[in-house]
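Which chain is which? They are A, B, C, D and E, in the order written, and residues in each are numbered from 1.
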Amino acid sequence: MTMKFFGFVAVVVVGILLLAATGDFPEWGDPHSPASEGQVSSFYIERTVNETKVPNMVTAVLADFRGYDTMFETVVIFIAGIGIIAVLRNFGDGAAHVPDPPEPDEGSDLIVRSTCRLVVPLIQLFALYVVAHGHHSPGGGFQGGVMLGASYILLALACGLPAAKRRMGERKAITLAASGIIIYAGWGVACMFCGGNFLDYASLDPLLPGDKAMARSHSMLVVEIGVAFTVTAIMFAIYSNLSTRGRLEKGL
Amino acid sequence: MEFLAAGFIEDHIVPKFNYWIYVILMMIGLYAMITKNNLIKKLIGMAVFQTAIILFYVSIGVKEESGIPILSHGQHHAIVDEGRPSEEVITKEKFANPLPHVLMLTAIVVGVSTLGLALAITQRIYISFNTLEEDEILDQLRRGGHD
Amino acid sequence: MIWQFDIIILVFMVVAAIIALRVKDLLGATLVFGIYSFLICLLWAEMGAVDVAFTEAAVGAGVSTVIMIATVFATARRSRD
Amino acid sequence: MLEESYLPLITWMVSLLAVPAIMLLRKNPNAREGATFVAAFAKFALVLAMLPAVMAGGVLRFSFGEILPGIPLEFRVDGLGMLFALVASSLWILTTLYAVGYMRGLKEHDQTRFFACFAVSISATIGVAFAGNLFTLYLFYEMLSLSTYPLVTHHGDKAARSGGRTYLSHLLGTSVAFVLPAMIYCWVKSGGDMSFTDGGFLAGKIGAGDGLIVLLAFTLGFAKSGLMPFHSWLPNAMVAPTPVSALLHAVAVVKVGVFCILRVFTGVFGIDTLKDLDITTVVTYIAGFTVITSSLIALTQDNLKRRLAFSTIGQLAYIILGVSFLSANGITGSAMHIAMHAFGKITLFFCAGAIFMATGKKYVSQMVGIGRQMPVTMTAFLLGSLSIIGLPPFGGAWSKWYLFLGALDADQMFMAVILVISSLLNIAYLLPVAVNALFRKPPADSEGIAISGIREAPAACVIPLSITAVAGFVIFLFPDLVFDLAQLLIANG
Amino acid sequence: MTEHYPVLILLVPLFGALLATLLGSERQVACWFTALIALGGSSILAIGNICALLASAEGELRYRMGGWNENSGYEVGIELRIDMLAALVVAAVVIVGFINTIFAKTRVTGEMREKAAFFYALNQLLIVGLCGIVMTNDAFNLYVLIEITSLTSYALIAMGNRRAALSSFNYIIMGTIGASFYLLGVGYLYIKTGTLNIDDIHTVLQSGNLWGDTSITIAFILIMLGLWTKMALFPLHGWLPNAYSYAPGVVGSFMAPLMTKVMVYVMLRIMLWLFGGEYIYSSGLVWGELVIWMSIIAIVAGSFLALARTDIKKMLTYLIVAEVGYMVGGAWLANGAGLAGSMYHILSDAAMTFCLFLAAAIVILRTGDHRLTAFNGLFRSMPLTMIGFTVGGLSMIGLPPTCGFFSKWYLISGGIEAGHWSYVAALLFSSLVNAVIFFRIFERAYFGNLKGVADEQLPDDGDCAPLLTLERVPFSMLIPLFIAGASVLLVGIYNNTLVSWLKAAMPPL
């Protein structure tokens, strides 16, 4: 009870503090607030397309201007994945390495299974489109990767975890996740070899078709693919561990 | 009357409404994190807490009469292919500020990673204590005689 | 941005958050939290943050709800608060 | 006058180098003690080697380089330091000889550890004697506290532990709580220079108010000097083996305490500054109080070593008293008393240990008539007592005389009276021991004392104590060396 | 090549971590070797980085990610900024990580068999995150990296026993609150200034003279609250002791020295470079006092709580709480000596905490007892380990020539200059309490009977007790301990050089 009371007091105090701050914020949606007027945001809006030839500013800023952030963001996901395995995974005397029995659980009933067999490929196709088309439309590595992962999760829900694991085993998942980051960071290192700074895609100009801006555009696609790899694998790994208390045997 | 009400709302409520709501949501989440006894509830509170901050950031990026921060095909074509200088094609009032969006993409991902890890640890706790209520766990530990 | 939508969705969000935290059944709470995520997703779209909305839809409403449900199934479903 | 030299470093290092040798030779006691002796003699020889230069008024300097901004870790050998180093290194030889006899006689355990810590502590003492600035002084002061802890608690029984606890808690506690902040305050005030210069590095940089606080912090903080109220570690440390008590209470530890205070008076503040600020009266009164009180307590003690301990407290208070007069004679007296008291008191402790070894007796009341069994020892005890009391023809007379003059110069009549009274008290608590032992029959019921026949302690113990006893007499005849070194201090300070 | 050092320091362990996961736990030794090579390499790079910095004229290195914008006045990309302070802290981080990896070899096989690969990966990723935090010059990037370190530490701690899982959960709650407050504060700054680069925020705040705004003040409060939660300043320290003491031994031994110190570094960075001394210390007059009092309370409370503990690691963790108080107080004293003191204390405290935790880990491992009774008679049975522990302990007490003495020296002189006698008194008090704590232990170790060995069974003359036969500790554990102990002394002896470098890095107050 006292805990509740102190919690309430603390919350009220902080709340008043924050509400006090809202007083001198610029109005919501004010186009002339420093954040919107600021050189940085105007630079992004006006110059992005010249610098990178990418119409979707968010993708450009995400994958190029703040690509360093995004790399670590991918690392965060990776950490979450291997962290969950490290914490929860329970290798019952090496049971992880023995091949799973053919059909320990057959998942749900026939209709669901066949429907999902029908749907999953479409989802994956659309996910790939999202990854590839992130330059011109909403989407990109994360969204696409999550959708790819979700397709495997759907498979696991409908046809049972083993069915999904046959397509995306644990080992494979970890490898995929790691290779995703390797693609991302490796691409950045490649830029260093071509004489630029880390992640300076423009310096890859000689290797890629088109001018510097196009080099940036292409590189963004590469790193988005890397992100997609990691996200796909980790999302499924997270689900498969959490749904089985880390035993990876019988799912939901 | 409605017009008056509408006008009143538009003039006095709207400009700060998002900021108020984000504070409220944040406090809801914080209160849950501090005082809830069930671990899953704590985590839901945590998620609410984080989305509140995301709401704040996205609200920064909004501009009246602005669209999504993606060039239309025409604009893109005009600049890239016809090589017209971007300043005359793009009026920056027409585009929402992309930076907060980018930041929030990162924040969302961080949030889900934290949530996943926390859920895994919750399951660890459940496996060893067979309950999710904090007080019961502490009771078990006291009886277990840990200091 | 249309401020009417904005206000309505925000109010709903607050309501959803409170419900999610008050429901005793954890599965119910998780589902309400899913609804909350969808509301946010709508809100982002309404504010012109399409990428954020997309991500929220996939990550927040999709994956995090699923893993929460998975956890609830793997652990206890009832909660005392 | 300031000349760079490696001699101070080597002198300091000698006994440290002895430590690994002692460790390695732990299987072979003779070789081990041999190493100790070699180190002891080498150290004494090196100190003597430096003597002429210092007597000529020079200062030998060695610097390890700057440790803190503006503060090098450096040795400076001047008159006061040389005086102290002479006393310490010469007495170390005798103490080692005595210790060998004592430890073997009683078949003590862990002798290797004992001699190793012994060597470290003597090297720390030399470090204090040669310290060129306040930081170096503090460094070796702490080093000494730590290295003597294993010696004090050598027996490892309950009493030893509690004694050791009191020892460390007093010495470390006071030094951290008082000396450290005072030292840093000086550093801040003096703008980063802390080397003991003539006339003190704080001269003209500090006011009366904070000056008084800093002075008190130093005087009480260097609790090794046994000044009340932080004296209680000294009697409690008596649980140590007697050679340790001898070294602690006659030579190393307590003398380091008073030496530090002398340094503070002369090197940190400078006598003239103190005169201008006129803040030493408090110290004078604390010291005077300590002199009287400790003597009175000593009267009541039946355990010989405890009685000697309280006598030590009183004698140290003399030294602080003398310097607090701020008069040339007073300071000379203090400096000389360091040496004189050292010889006298070490004799007494050696005797106490010898008695304990020969008869196993600790209490004064048991020692009636013991002189017939151990005439040499008790004679030495008598001489030592006379020297401590300050009766001619013994060294103590000189220093007490100068202290008395110092009190008169500072026209502190009251303190002069106190000096006289306390000398009388010294007579009261020291002389009876020797007299009863020598000139009275042992009571019939006293077991353990041979009525007839002589059973002295082993020669290794008797020789050193006779030497020190005679030395007390010799110094009376030839006090020039001590006197001149003390005069150097006046000349510079 | 030299200009790439900063980013390489990060990338080498990053790839090392990925390689470790790819190798998998079956090839444990290979994983260990990978971690060793990676962290060793980045240690060398970090030292090279210091040299490069000493060579450079303007005393700081900047590295722009993606090569954006060398010309115009504002940063659109993310840049790294390394001054001497940052370079030193980075070096400390990677070197501690490297040494701890040597230490970990034998323990990992014992504590986490199938998960070795993940341990080594997370271990290196934590180092990556810490280095990134120290070097980045972008407020939001700082948040991402803080989250990286937090996530890795949650996972690493939860790898321990069941208590560990629970304390890790509490850590998640507190850590998320802290990080989110920081993120919110950055948001406030962004809404007022429109940029995220730390230096640019500072210039905008100055040019626009935004100091007065409530939102800036509240942003400052929020950021400080967040960081204090992460660094466990006293009232917000609840999560730390359990988390660090129940974590697996190898984890605690390098998380305890690094995490809180790096957070203190971040606080200094925000205070001096983002807001700037003129703001902190002018408007801070009122609540600068407040913070110093908070730190005093932290020091006193931490010392007392440590005194009350019978569990070795718990005691050490509460000592960390007190040490955090030292640094926060020193940072708010508003004078050069205090700042230098708290900067220097970051390094020295890292050294001595590392030394103590390594020794404690060895003792607990060998005696199988996690209470202070474990130390009984260890000077006889494990002299080498006890030498290491003694050095660390003396440094905690603050005896020369260990580094603890010198950091106390600078902090106290700062307190004296600022006239904060209460702070000085708190420092002295805590060193007295530490003296009690550690000499209690030394006494046990010096006199106490060995577990199960009565006095008479011991060789009567300890001289003949062969020194090393009793000490059955693998060298892969003793060597790290000795390196740590040596570093305690070296950091102390070279304090003059270090402090002069740090003073050079300090912005004018």
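Following the convention adopted for this analysis, a residue touches a chain if its C-beta (ideal position, glycine included) is under 8 Å from a C-beta of that chain, and two chains touch if they have at least 3 such contacts.
Worth saying up front: this structure is predicted, and the values here are computed from it rather than measured.
Colleague: In contact with subunit B and with subunit E at once: which chains are those? Just list them.
Modeller: Correct list: A.
Colleague: What chain lies farthest away from subunit C once each centre is taken as the mean of the Cα atoms?
Modeller: Ranked by distance of C-alpha centres from subunit C, the top chain is D.
Colleague: Of all chains present, which has the mean Cα position farthest from that of subunit E?
Modeller: D
Colleague: Taking the mean of the CA coordinates per chain, how far is subunit B from subunit C in Å?
Modeller: 11
Colleague: I'd like to verify one number: the distance from the centre of subunit C to the centre of subunit D, where each centre is the average of its C-alpha atoms, in whole angstrom.
Modeller: 79
Colleague: Could you give the separation in Å between the centres of subunit B and subunit D, each centre being the mean of its C-alpha atoms?
Modeller: Between these chains, centre-to-centre, one finds 73 Å.
Colleague: With centres defined as the mean C-alpha position, give me the subunit A-subunit C separation in Å.
Modeller: Subunit A and subunit C have C-alpha centres separated by 19 Å.
Colleague: What are the residue numbers in subunit A that touch two or more other chains?
Modeller: Correct list: 18, 25, 29, 33, 35-36, 40-41, 44, 56, 58, 62, 66, 69, 73, 76, 79-80, 83-84, 87, 138, 142, 238, 242, 245.
Colleague: Out of subunit E, which residues touch more than one other chain, so two or more?
Modeller: In subunit E, 140, 144, 147, 151, 154-155, 158, 165, 184, 190-191, 196 touch at least two other chains.
Colleague: Of all the residues in subunit B, which ones touch at least 2 other chains?
Modeller: 14, 17-18, 24, 26, 30, 59-62, 64, 66, 68-70, 99-101, 105-106, 109-110, 112-114, 116-117, 119-124
Colleague: How do the chains pair up in terms of touching? List each pair.
Modeller: Final set of chain pairs in contact is A-B, A-C, A-E, B-C, B-E, D-E.
Colleague: Spell out the residues on subunit A that touch subunit C in their complex, using ranges where they run on.
Modeller: Per the stated touch rule, the residues are 29, 56, 58-59, 62, 138-140, 142-143, 146-147, 149-150, 153, 235, 238-239, 242-245, 252.
Colleague: Provide the residue numbers of subunit C that touch subunit A in the complex, in ascending order.
Modeller: Per the stated touch rule, the residues are 1, 50-51, 53-55, 58-59, 62-63, 66-67, 70-71, 73-74.
Colleague: Would you pull the subunit D residues touching subunit E in the complex into a rising list?
Modeller: Subunit D reaches subunit E through residues 26-27, 66-69, 109-113, 135, 138-139, 142, 146, 150, 153, 156, 161, 164-165, 168-169, 172-173, 176-177, 180-181, 184-185, 187-188.
Colleague: What does subunit C use to touch subunit B in their complex?
Modeller: By the definition above, subunit C touches subunit B via 1, 3, 6-7, 10, 13-14, 17-18, 20-21, 26, 29-30, 33, 36-37, 40, 43-44, 47-52, 55-56, 59-60, 63-64, 67-68, 70-72, 74-76, 79-81.
Colleague: What does subunit B use to touch subunit A in their complex?
Modeller: 14-20, 23-24, 26-27, 30-31, 34-35, 59-66, 68-73, 75-76, 79-80, 86-87, 90, 92-93, 95, 97-102, 105-106, 109-110, 112-114, 116-117, 119-121, 123-124, 127
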